[in-house]
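Notes for the one structure printed next.
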Amino acid sequence: MERSLLVAGFGGQGVMLIGKNIGYTASKKDLNATFFPAYGAEMRGGTANCSVVVSDSKICSPVKQELDEIIVMNDLSYEKFAGRVKKGGALYINSSLIEAKYEGDDITTYYVPVADIARKVGNPLVANMVMLGAYVANHEDIDVESMKETIKENLHGKENLIDVNIKAFEEGINLMKGGTQ
Amino acid sequence: MNDKLFVKGSEAIAEAAVRAGCRFFAGYPITPQNELPEYMSWRLPEVGGTYVQGESEMASMNMIFGAASTGTRCMTSSSGPGLSLKAESLSCALGSKLPHVMAIMMRGGPGHGIIFPAQQDYEFAVHGPCHGGVKQFILAPSTAQEAVDLTYSSFDIADKYRTGVLILGDGFLANTIENVTFPPMKKLEDLPQHKDWKITEYDPNHHKLITSYFPPEIMEQENIKMGQMYEYWEEHETQYQNYLMDDCEILICAYGSTGRICEEVVDELRNEGLKVGLFRPITLHPFPKKVFEEIDYNRVKLIVSVEMAIPGQLVEDIKNYVARRTRVEHFGRSGGVLINPGEIKEAIHKMVEE
Amino acid sequence: MEIVYKKSSNFIEAGHSFCPGCSHGIAHNIMMDTIDEMGLAEKAILVYPVGCAANAMTYVKPNVVHAPHGRAPAVATGIKRCAPDKFVVLYQGDGDLAAIGMAETIHMANRGEHVTTIYINNTIYGMTGGQMAPTTMMGQITTTTREGRGLHGEGQPIKMCEMISTLGEPKFVARYALDNAKHVIEARKGIKKAFQMQVEDKGYAFIELLSMCPSNWHLSPKDSVKYMEEEVIKTFPLGVYKEEV
Amino acid sequence: MAYVTIDAVLCKGCQLCTLQCPKELLYLSEEYNQSGYNVVKQKEGDECVACKLCAYMCPEAAITVYK
Amino acid sequence: MNDKLFVKGSEAIAEAAVRAGCRFFAGYPITPQNELPEYMSWRLPEVGGTYVQGESEMASMNMIFGAASTGTRCMTSSSGPGLSLKAESLSCALGSKLPHVMAIMMRGGPGHGIIFPAQQDYEFAVHGPCHGGVKQFILAPSTAQEAVDLTYSSFDIADKYRTGVLILGDGFLANTIENVTFPPMKKLEDLPQHKDWKITEYDPNHHKLITSYFPPEIMEQENIKMGQMYEYWEEHETQYQNYLMDDCEILICAYGSTGRICEEVVDELRNEGLKVGLFRPITLHPFPKKVFEEIDYNRVKLIVSVEMAIPGQLVEDIKNYVARRTRVEHFGRSGGVLINPGEIKEAIHKMVEE
Amino acid sequence: MEIVYKKSSNFIEAGHSFCPGCSHGIAHNIMMDTIDEMGLAEKAILVYPVGCAANAMTYVKPNVVHAPHGRAPAVATGIKRCAPDKFVVLYQGDGDLAAIGMAETIHMANRGEHVTTIYINNTIYGMTGGQMAPTTMMGQITTTTREGRGLHGEGQPIKMCEMISTLGEPKFVARYALDNAKHVIEARKGIKKAFQMQVEDKGYAFIELLSMCPSNWHLSPKDSVKYMEEEVIKTFPLGVYKEEV
Amino acid sequence: MAYVTIDAVLCKGCQLCTLQCPKELLYLSEEYNQSGYNVVKQKEGDECVACKLCAYMCPEAAITVYK
Amino acid sequence: MERSLLVAGFGGQGVMLIGKNIGYTASKKDLNATFFPAYGAEMRGGTANCSVVVSDSKICSPVKQELDEIIVMNDLSYEKFAGRVKKGGALYINSSLIEAKYEGDDITTYYVPVADIARKVGNPLVANMVMLGAYVANHEDIDVESMKETIKENLHGKENLIDVNIKAFEEGINLMKGGTQ
């Protein structure tokens, strides 16, 4: 089993945290995982993306040309990356910001209005956790409780934000379980 | 601290160094390796060591110079521009036979400041990095785990040969977070004590002088001894990964991150019916040249050096060692463009068709 | 209806890529407005450093030379000596100018090159993600001083104006802050004076601008203003340190 | 009679301008621009005195002042 | 000023640079080339140029960076330690395509400060001198006269290719006083004007930006173009001296001062009945590799690289180019020990007997 | 009969190789006599620079580290941080300390490392044959200022004591001269105080010694004394610039 | 009763000592040492007060002072 | 014709000037000449030597292992270099300082009491010019007047010393012409 994921958006959308949480949660399960971040230019806006590979055997390349799954959080990322999902793979789209619709049926697409939900939850900055929830909902091999632990650990020093992040994450799961497409 | 962690390459190297007995670090910020000094800044004080943020790469290198002369295991880190800036004092440190470890995480270049991975400092590091013809011992890990293991042993190498060890990585290695298991913390008492040369030991009958300045005749002797040491290294200290080399017809040569990426390429090309193997040098100096004497050039029809460098750099050395006994090609990306397995496969297919 | 303030025509239309609330933007507006006002755009050569400042290299229209990290003073010396009729401005961050570039800074000032330095002191290495700079304040938390500067022999924040004004050649040395409009207006006057000096070939001027880096201070822009007022300006007193014009 | 316009494309919602306005005319709106920032707007009315303090403080040079 | 003079190598280079149109020099004291900046300090003001004594080698290199961006012909000089210290900004300058000339007079090393001649920086200069895989054009004069001629043309090369030219000499070249004839003073109006890139020309429609920073994709294109330029150089710009190579059975390879010394060795060995010839590369980068394709390896039984370097450095390149087609040996002295014709002869006799 | 003064036993018997009348010799005598007096020979680590000073590396008996040119402060930092119980003295010339090593000097002083700098200011690059140094005086003729410093934008002589005393951490900053016995006696007292401070872990001390280089001043030792009295000391006023002990 | 001895091997004839002696007891002799320097000597007599000024000034530490 | 000479002594004896004058005078005559100085360590005492090669064709090596002629000005130089004179060559010895006598008759030796003569001339520092005179006296192809010009030119800035230098040079010639051995 090897699964590759790319998460892309603009700086400030927290795309890194989505990827890091997925990689870290996998690593706790004795899977191999790699997380590779790519910033447009350091510290400032622009686009950012990260690659996550999870595998039960050795991981060679931490970045791939074609990916099993891609999460895009803004227009630019959609344009740049949507075409790189493997046949049969999945594309997660932040439909609050991205208006485009994917044409073609070789992959599965999920349109997740993460910003809207985040605002509902009370903090527009946790849209990333909504997306994470949506992603996790689709993966039975990712343990929800373990992921919640990860989210908490990665908020070390910002404990006051734990609740809203967890809430957003749960909303993402619910949304998916409810079924969106 | 846990022995198994999901951790960034840079931080993995830092922790491994601390466990190897490193108790002094000096460095200066530069992407893509900032997490290494940042880690050291809190971790070293925790174990009674010292972190100093140098005012420059050069100052950092010279702090290492001083620390090393006290016999303390010490380290600095940077990227290619920092290696350039350390060059002069590195020459003095190597000439003064001061054991130290340096981690350099390469990024696109030349010049001012691309922050993405590249391998464009190979030739500089291996054939260059300073005046006077002295050389470092160079290790090129391909994964965080290997970086840990090599860093752990690098301090022993530095002490054993009174030399500098360069851990040459890149932005991939530095920034990839992955699973790592750490070796145990070494006891300082068990490390070499260097009483014969370290300047903290005073002996009225034996004036201790750390310098790389000698009158010509003595300097020449030093040069000769250094040359012999490099030859000894080549005989006894080379390391490389042999991945399906033994029956291969196409041999990929790649080091560091590109090496690990190429393992995947080998697997996939084998699946596609090409008999491909991988030679991944782990020591870049001493270089495992002997491998090229053992290759059956009737079988191996093509050697491809894959690097994040254009023009190719490793490929020039490979050509040298192959000495025209078979075809040698280069495929690479550079300037911070990420290399990926797909395009490498494609490139090799194309070479085969030619 | 008349426009009494608008974005300088010396910028390209698209904005710059500094973080929200970053003082580099304010400093650039002052610099470009003053260049406009004095009609210096064609004569100007801007020497950029390595650091966040460099994000603006392609945002400005006057010609630019991008110096290696810390070496803008040496680069500017080469330029001004070969083109004495040009108007040469160095724009440098505190890591660039006061750490790696300390020797170059002191020596250019000591030679009294007829150029102008604009020194963006945001008490941090911005571009590389918030490490301690020579200017980081006592107790300030950075990625390399997790418990605040001062616990491990880091020494005290370096005050460039104070040091440079001990030298013989510099003619105008002053420190301003970019935390509120009143201070910005003072900074505008100081920069104009410095530019005027260069135009009149009156020697070297060094302008320090206390700046905010909300991203690496881990504060909102509004809280950054507060931090500036309550902490930074106390450590780095504003004022003219030397004036011999 | 004076007023300011704020370039919604350039504004990054830092609110440094709002702190400066002696008349407290500027406020962060609910509106997002294409980069995802909430943008600042000027309140309706004719209290603006074209003092330019907001503009001097805007890192984006997003504010144009009219008189 | 007289066109014919009995003059020190360092001063000859300085005067040739001035005549070639050099109008800006920045440097820092270091033996064995102090007379070069000293000469410039009074000579440049005489012709309306500028001399600045940098506060360091690095500052000097960066002054050159600035001067070059104004389109002014400019120069710096130092020894090996200085080349090391210039490495980082050199990488930026080469990446920024700023034409400049640098003279480096090698001395024994590594490290702190031997002042006697050596050639221990060959590998560093040719394969190293900075990060990011960029290279200089390297000229290695063997006499003061040749130094004058090469320096004179070096500025044209720098301008033509927007690159850096390194004049790589040693303490012999720098300090030997001998007869020299100077070429005429060039008129500044006749030199390239560089209006398209020099930053003193303002064009509202064309923002001029001197930098070596580019986004990865563009940087990669830059890398590719640089690589192509180096190949072009190899095709069109190599220079070497062929001294009795055409019928020789033993070929000495030597550059710079050692090259001139070996001419004498060739003569004497020919007198003693050995068919010896000399290949003296004048361009070290691009290296006249093609010569090694034209050698008749049935005739040439032994190639000896003679250098003031131990371990040998040029010899490694020669081995690469010869690719085992004949025997390649090294003879050298190093660390500042002067090499002399007698011992070279002796060494070759011994090799022949083996 | 009692010996009241003799050559320190911390020197090897054979003399050093400084030129006749060179102040490096006097400075060494002070340094070694004081080390003797205070019983510091075994604890001492001397950090030598590149420059004429380095001639004495093999002339002294305490352990020595030979730093790359200008970097003695960084080297000393590494030593002292790893061996805080040792007694670390930096001995540097003006080219070494004030030109190429300016950044390292300022930053070590600013960190307040617990070491002592002895700064030999002879207004010239001695070892390399008499080029202009940062400290060369206005009008002074050197091999790179044939008509005297000051005609080609060289700026004014850099005064290290003045600059260093603006920093927060240094505790004792003083300038002495080695031109006559009275001055030498004062220098002896200053150096002893500085050494004492280090022994008591009281912070950083910077001692400047105005020194003669007859060879490159192209003056006899006697005329060098005159030049010191009449010129050098006027440019570089003697005295204690900072004392916070 | 006091006097000084001057190590003729070490002395480089710089005469810095002669300038310092309050009693003007030191002079440059005609004698050369093995390095080719004229060496300094102390005049005969008992005027020396062992003030050590000469010794403090001697760069070669060639002077030993006895009292 | 190619003639190689090495001049050695301690710093301060002016050995460089002997060599430089010989090289320069030859160069004025349209001969090729090289002069290579070697200092023990810069600026300070120690030994110093220089190599001079004069030739009517191209000069390859500016330093030689064996030399046609050697001038030694002090003991150390005598010990180090006397053995490097070629068979049939000449050795000039500063007999004011060097007590040793060369044993063997394969070369010609000249014992020149240069320091004594210099003192007689009035300045111990011109011993080098006495030696230069002695050397020139033995070489008919070196024009005495041309050498005097050279001496003057190389005293640029120290014009007050010209007379005593010329005098010393002439004394050296006279001594040789008178014949010493």
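A few points about this structure:
A, B, C, D, E, F, G and H are the chain letters, set down in written order, and residue numbers restart from 1 in every chain.
Everything that follows uses one rule, which is that contacts are C-beta pairs under 8 Å (C-beta built on N, C-alpha and C of every residue); 3 or more make two chains touch, one makes a residue touch a chain.
Note that the coordinates shown come from a computational prediction; the quantities given were computed from them, not determined experimentally.
Least step count on the touch graph, chain A to chain E: 2.
Here the chain-to-chain distance from chain B to chain G, counted in touching steps, is 2.
Between F-G and A-B, more C-beta contact pairs are found at F-G. In terms of their C-alpha centroids, the spacing between chain E and chain H amounts to 34 Å. Rounded to whole angstrom units, the spacing between the C-alpha centres of chain B and chain E is 29.
Look at where the CA atoms of chain A average out and do the same for chain C: the two points lie 39 Å apart. In chain A, the residues touching two or more other chains are 41-42, 45.
Counting partners per residue, chain C has 18-19, 54, 66, 68, 81, 99-100, 102-103, 107, 111, 127-129, 134, 153-154 as the residues that reach two or more other chains.
For chain D, the set of residues that touch two or more other chains is empty.
The residues of chain G lying in touch with chain F in their complex are 7, 9-10, 12-16, 19-20, 37, 50, 52-67. Every residue of chain G that touches chain H in the complex is listed here, in rising order: 35-36. Chain F meets chain C in the complex at residues 81, 99-103, 106-107, 110-113, 134, 153-159, 162-163, 166-169. Residues 41-43, 45, 47, 54, 57-58, 61-68, 71, 73-83, 86, 103-104, 107, 111 of chain C are the ones that touch chain E when the two sit in their complex. Contact residues of chain E toward chain B in the complex are 80-81, 83-85, 87-88, 90-92, 94-96, 106, 108-114, 116, 120-121, 123-124, 127-134, 211-224, 226-227, 230, 309-311, 313, 316, 319-320, 323-324, 333-337.
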